[in-house]
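Look for chain A in each of the two complexes below; its partner is chain B in the first and chain C in the second.
Up next is the complex of A and B:
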């Protein structure tokens, strides 16, 4: 872009303005008229509040279970720290919040809820699935139509909205009771890890538990590995892996879009 | 699509109302969407908008281009806006006299600009670039502002007139923004409207605002979260009576009401347009 005649004044002003909008203490930047009531602190405060309150509201809408788990007041305070450290990088606000889960891992005041980051990952995956590309899910009947000798070499294409979140915490149970129940259920006695499968076969975003080892199968399939080799890898890594259950879950949730034969990889 | 239909009142399209609109097909002239809500790859937003678009004319209102940024408009954003415009073929495309992106950081608000010759050159260049890429004229909206800057060189109305002349853009007259800015800066909204370059107006916005009182001073805030004030209705009536009709939008973006409450405001605007323009809304 060519240099602007006399453009530096505006660039400097916007630099000061942007910094003062985001930083925690209220400090009105130079260059704003101050000869009129209300005070310029109140006037500038409207912009600060618009920016921060709208971003905090966007995060609350994206992470409702995280908000319910920590409470509204705590969530807002936490969101303001996140906004200051990670302001949006795009005017497409739907892209804002990808870094929230990893931010929560380092956020000490929430350290007594160690499953919070994985709940945030689950909620973020749901949000991404809502906006992701459309694709038609394949029916599991397509597998049954294949001759048995062709099953091992078939490659399964994954739906663009699909996501898998493996966690040492029962994130699907925690998410579900805090989404659907007026009073969240107490955590089960066997507080064991769960793997969440997020899909959007049509308009609605679905969340369910993936059976043990199925996340390893998905990871292999995502790399273009054929079904036979992918299932072998999942079985080797996880004793309880059951291919039939895993496939029923994945097809049933609309996670698979294509079946193809070939030795491309 | 008749010309009459486009001189009717419309409503901002909210996800809360989409299913009802598709089922009931209410008698409103058109809908407007914020472009940035339709920049994802797929999913329910596009699913519903395609169906609404098949039934009604559409206006695309951008809120993130940042045409007033000294360091350039939001990177890559004009291309995204073009994709939305190409896909949905709106009858109006509009943006704001404001900035929101600085050095890659997006501040989610429409921030104010000092009205100087230097700002005018910058904004005119950006509007020209946007119109070239989009392949059509855009409308630029007068902002609601809460502060003014040292060293400004012209009133907002002169700035907008010069911008329209230099860039060939049209203007979107937001009557609520006039009332909000007038209250915040102590000028008469009627005097502002007397100076406004109405010959460039291609659309009018109406919305509700909040009044925040503190220490005996009031600040008006452009909240879009309630019914339109009687002052805004009165100024709108004057503008329409004296300057003629323009497609008019009711904006209601937070604390979104039941559809019938929003539709009532659209019909109120419609009756004002009809009285002045002698249009028969049912004929469209």
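Up next is the complex of A and C:
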């Protein structure tokens, strides 16, 4: 058993060390001293455990509602599977967890909670929004001041921290009661889908429900489509779309930052 | 191209939206929430009245009586927490 790092020296040892820390079966990399007590397996095991436990703790801090829904014990076990399948690709811990939602879709033991991936998406969007660039939200008064004939061609710029998560499940209700209430309330009797709007107009991340069809309006606006055409597309695609409610919600949440006149109408 | 009807409809929608937003703007998402003291777990508070911690997410003890978090309006006084010594108490709308 070789006890010393080979020709490539430290860099090579570090590479094998990093690999062995997250690998499933415990295999102490060559080059770790073995003439010590307690055994090198136990000593390396402490190291592995610390790395995994801190990654699991970071996930729990990032996805508190997912943790509350499945329980602490289940969450930790699930996080360890995730860490094994999706080890960090970046040295920045703050970037870890982007793949958690899609992992949950494939994680059979959690299949009883089909809304879990969308809850994770909502929590990740909140987290990303928290770290996004600042921008000043535009007041709806600026839109109301425009002459009526200019409204159709105005382009609305979206806030960099804004995110929309459409779900077939009532994710805003589930997220909200599990975030604010000591005892979660049972969700509404009609277990209908909700679309979450995540914004951070100032220092706080806000989560609210988007009215039906408003996500389509946002998708159009995000492509730089002018308000008139975007509203047309949303009402064609969704019968219940109400432009006034959609605009009030978006401006009220600080989702719109700029108004600009496009060249074509 | 935008026809006359669409322009009128747009103007009406924008005016209605501006009306809906006035007043609602300042309150935004926390409108249906109230500050509830003494119910937040360590590190899970939204803020605090004085002293014990600086603000959001910084309380050091479970159910710190001076730390508050937003809860659904009307639910604060109904919230019961079990303290470390096994005693139970309810949340309050003012710091304890």
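Basically, the second predicted complex is superposed on the first by the 251 of 265 C-alpha atoms of A that agree within 3 Å, B and C clash if a C-alpha of one lies under 4 Å from a C-alpha of the other, contacts with A are read in each partner's own complex, and residues count from 1 in each chain.
The rule we apply is simple: a contact is a pair of C-beta atoms (placed from the backbone, for glycine too) under 8 Å apart; a residue touches a chain by one contact, two chains touch by 3 or more.
The structure presented is a predicted model; accordingly, all values stated were derived computationally and were not measured.
When the two complexes are overlaid on their common chain A, residue A:247 makes contact with chain C while staying clear of chain B.
When the shared chain is aligned, no partner comes close enough to touch A:238: not chain B, not chain C. Residue contacts after overlaying the shared chain place A:134 against chain B, while chain C stays out of touching range. Judged by the touch definition given at the top, the superposed model places A:90 against chain B, while chain C stays out of reach. Of the two partner chains placed by superposition, only chain C is touched by A:183; chain B is not.
When the two structures are aligned on the shared chain, A:31 is found in touch with chain B, with no touch to chain C. Shared-chain residue A:42: touches chain B; no touch with chain C. Applying the stated contact rule after C-alpha superposition, one finds that A:149 touches chain C and leaves chain B untouched.
When both complexes are overlaid on chain A, the residue A:209 reaches neither chain B nor chain C. Only residues 1, 4-11, 13-15, 17-18, 21-22, 31-33, 36-40, 42-44, 46-47, 50-51, 54-55, 58, 87-94, 129-134, 160-161, 200, 203 of chain A touch chain B when the two sit together in their complex. Residues 64, 139-141, 143-144, 146, 148-149, 151-153, 176-177, 180-183, 185, 201, 206-208, 227-228, 231-232, 242-248, 251-254, 265 of chain A are the ones that touch chain C when the two sit in their complex. Considering their complex, residues 36-37, 39-47, 63-66, 69-72, 74, 77, 80, 99-109, 111-114, 116-119, 121-122, 146-151, 184-186, 214-215, 217-219, 221 of chain B touch chain A.
Against chain A, the residues of chain C that register as touching in their complex are 1-2, 6-18, 20-21, 24-25, 28-29, 33, 39, 44, 69-72, 75, 79-81, 91.
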